[in-house]
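Okay, handing you the structure first.
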Amino acid sequence: MVKRASIVIFSDELDKACAAFTIANAAAASGMEVNLFFSCWGVNVVRRKGPLFQGDTLMNRLMSLLSRGGAEKLKLSRFDFFGLGSWMMRRMMKEKNIQSIPEMMADAKDLGVKFLVCDNPTAIMGLKREDLIDEVDDIVGAATYVHESAGAELTLFI
Amino acid sequence: MVKRASIVIFSDELDKACAAFTIANAAAASGMEVNLFFSCWGVNVVRRKGPLFQGDTLMNRLMSLLSRGGAEKLKLSRFDFFGLGSWMMRRMMKEKNIQSIPEMMADAKDLGVKFLVCDNPTAIMGLKREDLIDEVDDIVGAATYVHESAGAELTLFI
Amino acid sequence: MVKRASIVIFSDELDKACAAFTIANAAAASGMEVNLFFSCWGVNVVRRKGPLFQGDTLMNRLMSLLSRGGAEKLKLSRFDFFGLGSWMMRRMMKEKNIQSIPEMMADAKDLGVKFLVCDNPTAIMGLKREDLIDEVDDIVGAATYVHESAGAELTLFI
């Protein structure tokens, strides 16, 4: 029987996204079925780059200003220093021939990794399907997450 | 055989507590046995609101000043801005008809989710059973956590 | 059949390392096979104390200045206040007879816990085998992590 991995990407930090996609792609490459669940700040990883102020209420628009989408814009969880740290990290990853997040995401799709986005955070942020990148397979609720995870061999919350 | 979920709540941040209870309640609603283990800062989620300075040593009292209990007081892991962010988040959750943490906790108890508190952080913080809310089922050690988790289908550290 | 635990130590924060080793040692003491995977900032936990500036490029040297190794130097994820918080935490742990990280690490080795370090972060930080402490069993890739974790009963990302 095919083994499965279920990974919650809760954060939109460069270092954590990097860990999540590295594990997801290695699992998929080894023949596992992999479901990624983007939740809370993690939704930003699969958000289409949009206007500075996005959303239908003032709150959503302020929120969208603070956390803009785009996988190539992620920051470090530490030592970011207004972007200097994440720039340095990206350069060091390139120097050591380690893939960037957009490259890892492309590989993930090629390997059949499913991109699922949690419905509550999406609703809180006032985002619609068209605000998310094409790679997203579905917007799902917690029941779907639990159903997939209860049958998975590898469950992580990153 | 009944499936089981074992979730460590390590953090007392609003966004992470929200994710933990959403998953716990969805798992319990689907028929799983769910154990929540409150550890480290997570102990604050199940701490009774007490006096500003709590504990038997100066250190414990300083500690208690920094991290006060009460599930309705949790802050965001990011963009909290001295409470503005978490206030905004609470308002947005209400607007979108998403439950508050105290409501989720009440549902969790109704669904039979067990609230277990880890003994070491409780000892470090100088807290006693009466400093924790009534919903707490037990104070347990790491051996109990491991025993429960080794038999669980879904294991998370949030 | 022997049950297994696979724990990613992603962070080099005192509180998270403490949780990770507490779980690892309790699992090992109960007869489980335990693999710890030190990744990203977690590599600092098993880094030998070195010179202030370490590494072969300017970037690596700056990086090494920001995150120095040494298990006895870990900081808290919150309220660290330039070391005051972690000093307080260490004192409180001692008062309550809770082991320090170096003591927990020694116990872990005695109990047969494996210390595995992820290759990508090690490469990014420009670290070599001799920059890591003797307790490290191996430097491994994501494929090894996935292989070990897919067969493990308890999988955590800390």
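For reference, chains read A, B and C in written order, and residue numbers begin at 1 within each chain.
In the analysis below, a residue touches a chain if its C-beta (ideal position, glycine included) is under 8 Å from a C-beta of that chain, and two chains touch if they have at least 3 such contacts.
Source: prediction; values computed, not measured.
Its C-alpha atoms fitted onto subunit C, subunit A is found rotated by 120°, rounded in steps of 5.
Counting the residue numbers that touch the partner chain, subunit A and subunit B have less than half of them in common.
Centroid to centroid, with C-alpha atoms defining each point, subunit A and subunit B lie 25 Å apart.
Among all residues of subunit A, those that touch two or more other chains are 155-157.
Against subunit B, the residues of subunit C that register as touching in their complex are 3, 5, 15-16, 18-19, 22-23, 25-27, 29-30, 32, 78-79, 88-89, 91-93, 95-96, 98, 153-158.
By the touch rule above, subunit A contacts subunit B in their complex via residues 8, 10, 39-41, 57, 59-60, 62-63, 66-67, 120, 123-124, 141-143, 145-147, 149-152, 155-157.
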